[in-house]
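The two complexes that follow have subunit A in common; it is paired with subunit B in the first and with subunit C in the second.
What follows is the complex of A and B.
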């Protein structure tokens, strides 16, 4: 009797935890997109007002935002400061391929970031701002979509987990 | 730092990797003599040496130039708009890079350059003691004063190197001459070679440097705020520079500056300079040339045009230090 109850409890815990995990991923994406957008905004300020050099600007941005998004910026800065001959675009791309698997972002987000990388640092101030603004607006759109998806899907997955657990228990009983 | 070392440490990191690996194949003996590295699109890479050009068999490609520009601007072209507009960049270490390409115009003036088609990378060198032999002519020991001095030199004659050493020695003091407060307006970051505000070259302990500021405005700022006894600038020529110089001289500051040219006749043809020369403001005129290698002092005149010294000293011989 007790053993059965314990088993049922374990099943319930594990299925709802899985559901929660999936739900969390749905919520993490809009959050990370928001952080990214914030980071690009900071970069914009660094470029347009302080006219900092890109590596230093990236370092500053990395300090101001939270993990895990900050690693994108700190790693790119590091690659540039090492002076191994990478352009900003190349360094950014290398960093993205390295860190994206650790983030909750999708391939459409990746595309926006890669696009931005192509113009990073290689044009005048107005042009830099234009590209940064453009990337931000794309990210904002994705963020809105992701938010909607999150609101819809996160509770769904949570309940799914819970009910799956309950179903299994009922079937086994 | 010898030229090859400067090249390897301070220039290579800013070159596209193709160029870098090509230069590594070139014998060290040649690299020791390099004064300029010339990159022109679809043309061979050229090393300008003390005694002629070394034409390499490497054809410079468009993407080499593009990548080099990105590396030289440290991926921050937007931060160097002003410099690019004037056709040059300065690398950490004080090496100046001339840039040409297609001009993008805005109301008839250059706004920026695109389709970069050529670089001229000039290796700058610090030669302590470059001014040793001419300093006695520049100062009045009894009054402990410096004369207003104009250094006249063709391009690449070693005038920046000379000015830098003059600044250092006047600032630190030499022989029986006490150090003076020096102000440098370093419009092109060549004299003190500031990188992020810190001078990469020794310009003396009583020296204040106004980095990357227009000369005219910079001179006035120094006079107002730093009470310099001597102001040193490089390559004057515009009318407003001359006016600012006169202003500074009127407030009792001594001026040491340089100008492109090879004879007095050359200078008198330029309206802004002929004005200041006719007023005989400069008390010492130093003519540099290349007759016995870069940095040869051809002659030193006083304000009245009397010859004080001629042709007797080289500031430095061909790539070697002497004097």
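What follows is the complex of A and C.
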């Protein structure tokens, strides 16, 4: 009798935990988009006011942003400082393909970032700043959409996990 | 034929109706309908062995 109860409890806990994980992913996306936008703003400030080189600017931004977004910038800076001959755009793209599976961002966010990579380090300062501002505005739109989606979907997936557990328990009781 | 089957089907029905409400509230009408269909199929699968034994009994009673 107690063993049955324990088994039922374990099933419930595992399915609700799975639902919670999926819900957390939905909630993390707007936060990461906001951090990314903040990071691009800092990069813009670094480029326009301190006139630093790109790797140093990226490193400063990486120090100021919290994980997981800072790994994007610190890795790109490392690749550029190692002087293995990569252009800024290539280093950015390599870092993106390596780190994007770990982030909660979707493919449309990835496209925005890849587009940004195409223009990194290729133009003069004003054009660079314009591209950064453009990427920031796209990210802001995505952030608003992601916030709405997150608020709608997160409780749904939480309940989904809970109810799946309850259904399995009732069927197996 | 035990009374637990009725309670199980009732519990399943309650949970599916609650989940149906949650899905409708989150603007996912098609998935709510799909869920109702799945619930009906599961309840039917729980009942089919009983219907089978009912028919066997009837065949036994009438001798064919």
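Heads up, the rule we're going with is that the second predicted complex is superposed on the first by the 173 of 173 C-alpha atoms of A that agree within 3 Å, B and C clash if a C-alpha of one lies under 4 Å from a C-alpha of the other, contacts with A are read in each partner's own complex, and residues count from 1 in each chain.
The definition used in the following text is that a contact is a pair of C-beta atoms (placed from the backbone, for glycine too) under 8 Å apart; a residue touches a chain by one contact, two chains touch by 3 or more.
Not measured: the values here are computed from a predicted model.
On the superposed subunit A, the two partners subunit B and subunit C both fit, without a clash. Of the two partner chains placed around the shared chain by superposition, neither subunit B nor subunit C is touched by A:10.
Of the two partner chains placed by the overlay, neither subunit B nor subunit C lies in contact with A:144.
Contact with neither subunit B nor subunit C is seen for A:21 once the two complexes are overlaid on the shared chain.
Contact with subunit B, but none with subunit C, is seen for A:128 once the two complexes are overlaid on the shared chain. In the superposed model, A:120 makes contact with subunit B only, not with subunit C. In the superposition on chain A, A:52 makes contact with subunit B only, not with subunit C.
When the shared chain is aligned, no partner comes close enough to touch A:108: not subunit B, not subunit C.
In the superposed model, A:87 lies in contact with subunit B only, and not with subunit C. In the superposed three-chain model, the partner touching more residues of subunit A is B, compared with the other of subunit B and subunit C. Minimum Cα separation between subunit B and subunit C in the superposed model: 47 Å. According to the touch criterion, subunit A has no shared surface contacted by subunit B in one complex and subunit C in the other. Across the complex, subunit A is touched by residues 13-17, 20, 67, 70-71, 73-79, 81, 112 of subunit B. Those residues of subunit C that touch subunit A in the shared complex are 4, 8, 11-12, 15-16, 18-19, 22-23, 26-28, 42, 46.
Interface of subunit A with subunit B (complex): residues 47, 51-55, 57, 80, 83, 85, 87-88, 91, 120-125, 127-128. Touching subunit C in their complex are the following residues of subunit A: 152-153, 155-156, 159-160, 163, 166-167, 170-171, 173.
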